[in-house]
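After this come two complexes, each holding subunit A, first together with subunit B and then together with subunit C.
Up next, the complex of A and B:
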């Protein structure tokens, strides 16, 4: 049982590493959002794995995961909306060129 | 009782009616006077049988009383008679005066007041009537108040008599207090010291009203009034009030008071006689003569024979009113009363002059005219008196002077230019002739009068009439043949000035008053100085104390101010040096920190993400190392 947990955690850690790398290394807004989504998905994998390992009889974690997936969909919608708007106005979604948010 | 009411109310009502209606004053006045005369005659007849009395409600336990004894009834009759004929005369004299309604109204009120005084049965009534007389005489003397000097003469007369009235008040209240009743007949039983003191007080009142030395000056000045007023107030009314008061109270007066009365009367008779002799104005001469004749009456009272005074008063009332009425006619003719102006006025009117001369001879005491009898009675009384050494020479000198000044007046009126013939004056002549007839013939009724009064005078021996006759004729001869300057010699100037006692007030009251006032003033000055010193010292001390307190307070205030300033300065330095520095330092640091923090805000997403990762990494490290902290 512990083995399955280890496998799931390893997969989660790999996903998290991939997502982190993608978010930090890419300059394209779409790619950054995808990296962030990967990090979130890794977190969900970990959540599901620990639920299965520790409290499989409780349904609350499943509901929690479902709500987070809905929130991820909304978040991606907003992020891509911004990306489309930026692309329309500037013709590019390269984040090295976007310094307007400098304080 | 009815006659009593008639005597008083007839003149009162007619006077008030005249003043209210201001129409037909002569007719109303004569009606009132005639009714009053009828009342007085009836009263006299009734009183000869027995006393008539009326008690009216007045003060508690002190009802107002009117009483008609033979004495008071005779006086009322005299007043009514003289008033009636003077008013008859006045209808002619005042014919042209636009204010005659006021004149006749006031005259009748005056007569009412006099009747009230004469018939008063208690002191309260007497005081009231006495004051009314003073007030009415003020109105009458000041009748021509528009003319120069008249108002002051009226005021002077009023003030003189009014101030002497104080004696009457004191005397009357003393008598009421001692006797316990206000009825005059009840108070006459008083003897001893109260009687003496009250008698002297009453003498003062009588001196004021009857113009005795030294209060004689007002009477001559009162000539400013119309002649009928002079005739009335000199004969039977105002001036008579003083003598009447003393005659009525004579039974009470002890020897000391009688002596004082006699001496005052005698001195007045001589001094005012000299003044009359030196006088250069006919009416003023007659006025001085009035005071002189009342002096003789006071001599009679002082000699203890008030009946003689009463007889002389009656005779004098008729004589003096005749003389004044005659003088009034001459005054009308010549527009003045100065003896120079009137020289020869008698020749223009022989009839009036005859009447004037008869009255003058009567006053001088020529038989068988009225004053011969009364003056004989006075001389006899003075001769028989215990105080004869003082009273007799004064009475004789007064009588001689009477003849002398009347002789002088007759001579002045008779010698000189007659001037043009005059229009007849019927009313004045009627009024005057009746009074002259009375002046001539009254003497024969004196015997009957004494009988009615129940006090018959002992008939003097042959010596007294001889003395009286000699004195009268001698006086007349002196006055006719010698000028006053030769008679008086060095006395002329002071006599013309009314002697230094003129005005009485001057020497007797004014100067002492002034010296008292000066003494009071000096005393007050000293008191004031002492007061000022005291107050100054007190004030200075208090001020110094207050000043010191004030200084302390001032210093304290300054100290508080300084402390406040110091506190303020400390607060300010605290504010600038500490709080401000701290706040500004904080602000500066915050600004610097914000500037530094700003640098993190590159705006590049991946850098932000990297920072986020670093932060998470730090948190992870903190969390992972947490078990090792404790």
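Up next, the complex of A and C:
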């Protein structure tokens, strides 16, 4: 058993659970984005742990870390774009007030 | 217990603890700062795991990203300081169950799976960065360029969505 790998993956799993709770429970768009950021950070920890303890000779694992970082930036950019549009039209980024988006 | 293990436990615990603080505090500025500390702890975990380039990149990128997030928090929130102790949550029980089940499932996979032999031949920091550069500009160039194009598209899309619609001129 690789204890260091287990510790890193356990921390990643705890961050995933916390992020999932935050993304589902918050009513504010910015707080929901924060939850998603935590989930993606958990994915980053897992990727680096897998690279370090299972396949340190494979640089493709590190490449995927850069991809996830780009996904984090894209998610934040689009999220804040929507937040600004919503704030301009409704004066709030509360998702409880966005029920009309439901089909 | 090795020194690496001790530091992994410490920074992993810090990352999780600050992640929990994000959703426990009423102050939005404190939330953004807690997320910044959580992401910095993740960057420090990368350093402990000998991924120097990625660790420094994570810390630098998240410091900028979370500062921008803190500004947006203050701009958009009705009560950014949390003085009114407003409750901004819904479906708490469902969220707790979902988070708990996700955590339990992930822990079951982590602790029950056979991960095979540990990798021992860790390249040095300079070699890692050189290998990553060759990977990005060689075998994975298409993926790397696609990501660049995706970021550009997202920037244009977010700007277009955020621009105030032009008012029609009266005829």
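A few remarks follow.
Keep this in mind: the second predicted complex is superposed on the first by the 102 of 103 C-alpha atoms of A that agree within 3 Å, B and C clash if a C-alpha of one lies under 4 Å from a C-alpha of the other, contacts with A are read in each partner's own complex, and residues count from 1 in each chain.
One rule holds in what follows: a residue touches a chain if its C-beta (ideal position, glycine included) is under 8 Å from a C-beta of that chain, and two chains touch if they have at least 3 such contacts.
Given the structure is predicted, the values throughout are model-derived calculations rather than measurements.
Annotation for the three-chain superposition on subunit A: subunit B and subunit C fit side by side. Judged by the touch definition given at the top, the superposed model places A:32 against subunit B, while subunit C stays out of reach. When the shared chain is aligned, subunit B and subunit C each come close enough to touch A:20. For subunit A, the partner that touches more of its residues is C, with subunit B and subunit C as the two candidates.
With both structures placed on the common chain, the touch criterion links A:70 to subunit C but leaves subunit B unconnected. In the superposition on chain A, A:102 makes contact with subunit B only, while subunit C stays out of contact range. Our summary of the superposed model lists a minimum C-alpha distance of 6 Å between subunit B and subunit C.
Judged by the document's definition of touching, subunit A residues 20, 24, 26-27, 29, 96 lie at the interface with subunit B and also at the interface with subunit C. If you check the complex, the residues on subunit B that touch subunit A are 598, 600-606, 609-610, 613.
Only residues 20, 23-24, 26-27, 29, 32, 95-96, 98-103 of subunit A touch subunit B when the two sit together in their complex.
Of all residues in subunit C, only 2, 4-5, 8-9, 12-13, 15-16, 19-20, 22-23, 28, 31-32, 35, 38-39, 42, 45-46, 49-51, 53-54, 57-58, 61, 65, 68-69, 72-73, 75-78, 88-92, 94-96, 98-100, 102-103, 106-107, 110-111, 115-116, 118-123, 128, 131-132, 134-136, 139-140, 143-144, 147, 150-151, 154-155, 157-162, 164 touch subunit A in the complex they form. Those residues of subunit A that touch subunit C in the shared complex are 1-22, 24-31, 33-35, 37-38, 41, 44-45, 48-49, 51-57, 59-60, 62-63, 65-67, 69-70, 72-74, 76-78, 80-85, 87-88, 92-94, 96.
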